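Take a look at the structures listed below.
Here come two complexes built around subunit A, the first alongside subunit B, the second alongside subunit C.
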Partner chain A sequence: MTVTSTSSLPASREGGSTAPRRRRRRPPFAYVMIVPPLVVLLATFGYPIIEGVRISLSSWSGVGPLNFIGLDNYISAFQDPAVVQSVLRTLFYAVVVGLGVVTLASALAAAVSRGAKGSGFYRVIWFLPSVIPVAASGVFWSTAFQPGYGAVNKLLGFLGLGDDHAWLGSSETALFPVMAVAIWANIGFAFLLVLGAMEQVPVSTYEAASIDGAGPVRQFFSITLPLIRPILVVTIMLQMIWAANEFSLVYAMTGGGPGTSTSTLPVFIYNAAFKFTEYGVASAMAIISGVVLLIVGAIGLRLSRAKGDD
Partner chain B sequence: MSLKSIRNVFIQVPLVLWTLIVVTPFVIIGSLGFRDNTGIFSNPFGIGGEFHPENFATAWVGPVGSVGLGQMLGNSLAAFVFALAVNLSLGSIAAFFVTRLPRRQRNVYLTIFVTGTVIPGVLILVPMFRIFNGLGLLSNAVAIGCLYGVLSLPTTVLILHGFFSGFPEELIEAARLDGLGEIAIFVRVVLPLSLGALTTVGLLLAVSVWSETQLAIALLQNAESQTAAVGILGFQGKFVSDLGPLFAGLSIIMIPVIVLYLAFNRTITKGIALGGVFR
Partner chain C sequence: MHTTSTGRRTRLAVAGLAAASAAVALTGCSAASDENTLTVQFTQGNEKVYQAYASLFEEANPGVTVKLQSVSTESANGANLSVITSSSAPDVAIVPGNSPAYTSLVRDNGLQTLETVWELADLDTRYDESTDALTLYDGEHYAIADSLSFYSLVYYNKEAFDKAGITAPENHRIESAAALEAITTDLKAAGYQGLAVGGKSGYQLSWMLDALLPTSATPEEMASYSTSWNPANEATTSYTDAAFVDAVAQLQQFGAAGVFQDGYLGASSDQSAALFEQSQAGMIIAGSWYAAILDDKAPDLDYGWLLLPPVDPSSMTQVTGSSTPQFAIPTKAKNPELAEKYLAFMLSSEGQVGAGLAVGGYLPAVNDIQDSELSTLPEAVREMIEDGRTNGIASGWTSTVPSTIGQANVEPLIQSMYDGGATPQSIGEAVQKKVDEVRAD
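Let's look at the complex of A and B:
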């Protein structure tokens, strides 16, 4: 009787500080504390998603109540060739940007990791484009691609390639400058990830390889790349997901135009909702692309966690 | 030896080239901010031309009858302050007290937060507009700041949890022996010793709030309420015939983040690596 009373007293007062059962105590108090953040998180992420599904099943012009219309928005989204093109464009954009970023970042990281002079400086400077607001770099680069005074055109003119290309004005060419700038803006992060992985490769591996007569290029392809493959896969996945989600850069450079020629899904959906007030169709597209991106994102997350377990 | 030094020079060529590609835009923006249209059209790289420092005042005050970057920077700052308050309070509580739980429950809790990092912004854009509209919170920089604070919670909790799970248990035990309650231990022992981790989180949040436009362009409809990142998009249309202030505006918006980054680049890059997710 006395035993039970003494053991229950401190437990009720200060969360069982004398309980010897486990190394880590579990005071009920902690449960109380972790609930509010969780509720706020679920409300902020969960409720809008439910609301988004409701809007996608309704006809809504931006004000007033929702009128339920079933799957009409989804049907008209799938029947619109512009939507299908936008999906394909987003995939193309994501693959080109993702591969472009990781390829260039790996080449740069390979040079720096083998002890090139000034690597500390490069590390700091190359990350700058990833830190500044994407909208601002988009605005600058859109001026740089203007015919006549744009810096890119001037440079091309200087090289004898003509300085009057209206890169962003033609629906044939407009997506390419955007992809180039996206690569420019995202290399910093990929570079740091890949460099980190390359620096984990033991120097002795390279020494053994050079005794066997493998040159630096051979070493890069036969040792470095295979050993850092897990990180490369994760980085490519991340970059593709980010590229598919990118709104600010595309919107700042072209607004999705000319026509819809540069409208990747986030820009297409924004324009459908806030320019053409087709909130229902926009929501249906958001749900479709959101589900696709969620699946890709979950795979990416799984891969990056698998990497962490090694 | 000489062969090796030739190789070293050779290897520097692409590195220097890339550095030029990275840096040149900043140099161009910096110098074109001081030019007028004549100067910009004749010297697109900013070398030469007349000197017009008043462009910065024009960008700060804005085009006639509109809002300038001065007010927009204020809005960005207000959004950041509220984002920081919401994010750090909720995030540090969640991340610390979850370390008090048994491993399995902790993993479940953290997994819920991690899932938040993969939810694409486009999925919540239209519903957020409807919700903000219904609550009368459209064009409210403080409200969007609080939203940013919550949307960044997953990253914050991941970073802080990593830090708190290595927090020395002896210190907590000692404080408990001194008679401190759980909240007092958290506020007076754990938080003061976690300023480094909290700073990392704050810097990442500053960079992301400063840049966010996808939600802001939909939720901040009045020019008076817009953050600088959205405002600069509007400048594009308003300064078509007068590019100097546009470039001056780009400088104004970039300088704070560049300074912050150069001062804290180690913390920021480390934080990004820890959080794994940016934006």
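Let's look at the complex of A and C:
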């Protein structure tokens, strides 16, 4: 009895067959399964972006039809000193928080990865701030920084540094406690990323460096940092983007004040939309912010790939 | 023989999609409105009062169910607009009458007129003229005010005053800015903070402006300030005039004299309230509703109340009242007739006394509630009511004008002034600019 193979594949593939490999045909079912996530993506991502752009090109108070006004919202945004200040403030905030988070996270990860005593405990402790709801953090720290009775001022008073510091009550100082809390709140995630990267560095590399006379500090700057640079770049980029988009913490701690001295772009956009019902202006600023962050993200990805290729 | 299961998997996928579609359709069916069910919004934090209104209405209307929806103050001015104009609109919506949301909704036919409610509840008679005026837009009524409140009051700690050797004025009026500064100095010498205010609250600084402006402006000027934002009205005043600028300047003087607690610009209203309730601050800016809160949270705190000093010494500060309308019926309400009955009930004597007064300590919005019904209110509040009857009640400017000109606009400007970044004159110019923009729209 002869059995005829119905397979479309060659009968034998042993010994380096030179027959061209035939492309597998995807079953139609695969395309059917892609449709639901595509629909969800379009509905939750694509459609809001398109609507956001439409609103940014319109004058709209939240009800009724959109009144198309072209690029007027963008022009007025760039010409408004308050908007420009908010953008600069946001960039400053994002850079300080991004670099602060990664710098501290790297230092903490370096201590833990070298097997410091209690490293297991510290892995948990330094990650804890990341799991606390941001709004709750903001409310707590807003009270902690109050003069006289706030926990921070109480501690400073105990240390003889005075207990009447009203940092949140002055436009010159209000942003600094907010940035400090943002760094504290975000250090955990960065710490885990950097720690993971550090633990990938072969121990033999450090051993060889030790034999050559390099101490721990020299090893950190000459071996660890260069080898984990791609992760560092991506982490800095992510932290800066998240900081630039931070709303809850800033609003909970200062409401954007005193005046508008801590009104980062998300707070500014929120006020424009929900306090002044200028949805067109708010959308325009949101689009501008999104484009800027997209560029930052693209630059960061390119940098990390370039360093990775090295 | 190779058997493909592609056909079977495809059939399964199609069946799954069909089942999901059926579930969505069923959900839609179950959400269809019942003509005896009313959906009513209320502001977060006031659950007990509005539950009381709902329960009393259900008792009076057997077979009717009232479903309550809580709306935060933030979303009442923003995100709730979308809900009100959607197919899921409630029957009774929260729409703060001094917010841009209200004017937007009225202009775009998002709210129905309430002339039926006015007839059912006889509001032409039972609403004071000022309350009625607040509810009017282009000659029609679109929202009701369910309560009256006094605000920008100065509560003081009697024990703190005694320790500081301060005698509180019997007529509840602080004579002058200098007198307020002297009170604060004495309080600080006795170990207390001065006047606690939530500088970052977004409303308490402009509250004080509401108390001072009527003492700086003539009644005609006040009337113009309250209505000049509307292009249909003639603007006979400017915010750069002395009447407005002097009121702001007095606010500035309070700050310069150190009247407020340390770090007030970074303090929320809750943080400032905590200072007063823990007897760390001798005074606090608050509203008539705060008396009931104090009785509950700090029952041992013996308190009195005062009014801020007038700008013009020959003038007398009155209690500042607000009957900002906030309940309306969306055009897309599913049960508008039942909603009209509900609003009329809220303003009936039964609703005003049984729910607003008895449960919330709210002052009635209507003028025919017997004094005997007011006996459940704290003594301080009864004194405020009596004072209002004797000396008149001033309408708060930020309660009257749209918040894009008033509270939302002026609050950060006042913060900036206290921080050294603005002057009374620049604030007047900024407000006038906003008014000009709104009039030109």
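Methods note: the second predicted complex is superposed on the first by the 272 of 310 C-alpha atoms of A that agree within 3 Å, B and C clash if a C-alpha of one lies under 4 Å from a C-alpha of the other, contacts with A are read in each partner's own complex, and residues count from 1 in each chain.
Definition applied: a residue touches a chain if its C-beta (ideal position, glycine included) is under 8 Å from a C-beta of that chain, and two chains touch if they have at least 3 such contacts.
All values derive from a computational prediction rather than experimental measurement.
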With the two complexes overlaid on their shared chain, look at subunit A and say whether subunit B and subunit C clash or fit. clash
First (subunit B), second (subunit C), both or neither: which does A:Asp164 touch? second
Does subunit C touch more residues of subunit A than subunit B does, or is it the other way round? B
Quick one: classify A:Thr277 as touching subunit B (first), subunit C (second), both or neither. second
Subunit B versus subunit C as contact partner of A:Tyr149, first or second or both or neither: both
Looking at the overlay, does A:Gly64 come into contact with subunit B only (first), subunit C only (second), both, or neither? second
Once chain A of both complexes is superposed, is A:Ala298 in touch with subunit B (first), subunit C (second), both, or neither? first
Please indicate which partner A:Tyr206 is in contact with in the superposed arrangement: first for subunit B, second for subunit C, both, or neither. neither
In the overlaid three-chain picture, which partner chain does A:Asn245 touch, first (subunit B) or second (subunit C), both, or neither? first
Taking the superposition as given, does A:Ala174 touch the first partner, subunit B, the second, subunit C, both, or neither? second
Does the superposition put A:Thr254 against subunit B (first), subunit C (second), both, or neither? second
Need the overlap of the two footprints on subunit A, from subunit B and from subunit C, as residue ranges. 27, 29, 33, 62-63, 142-143, 148-149, 273-274
Listed in rising order, the residues of subunit B that touch subunit A in the complex are 8, 11-12, 14-15, 18-19, 21-26, 28-29, 40-41, 44-45, 90-91, 93-94, 97-98, 100-102, 109, 112-114, 116-131, 133, 147, 150-151, 153-154, 157, 176, 181-182, 207, 210-214, 217-218, 228-230, 232-233, 235-236, 243, 246-247, 250, 253-254, 257-258, 261-262, 265, 268-269, 272-273, 276, 278-279
Parts of subunit C lying in touch with subunit A, wherever the complex brings them together: 1-2, 4, 6, 9-10, 13, 74-75, 77-79, 81-82, 84-85, 100-101, 104-105, 107-108, 110, 193, 199-202, 262-268, 271, 275, 280, 403-404, 408-409, 412-413, 415-416, 418-422
Could you pull out which subunit A residues touch subunit B in their complex? 14-15, 17, 22, 24-27, 29-31, 33-34, 36-38, 40-42, 44-45, 47-49, 51-52, 55, 60, 62-63, 104, 107-108, 111-112, 114, 116-118, 122-137, 139-144, 148-151, 154, 184, 189, 192-193, 196, 241-242, 245, 247-248, 251-252, 265-266, 269-270, 273-274, 279, 282-283, 286-287, 289-290, 293-294, 297-298, 300-301, 304
Under the definition above, what is the set of subunit A residues touching subunit C in their complex? 6-7, 27-29, 32-33, 61-64, 142-143, 145-149, 164, 166-171, 174, 254-261, 271, 273-277
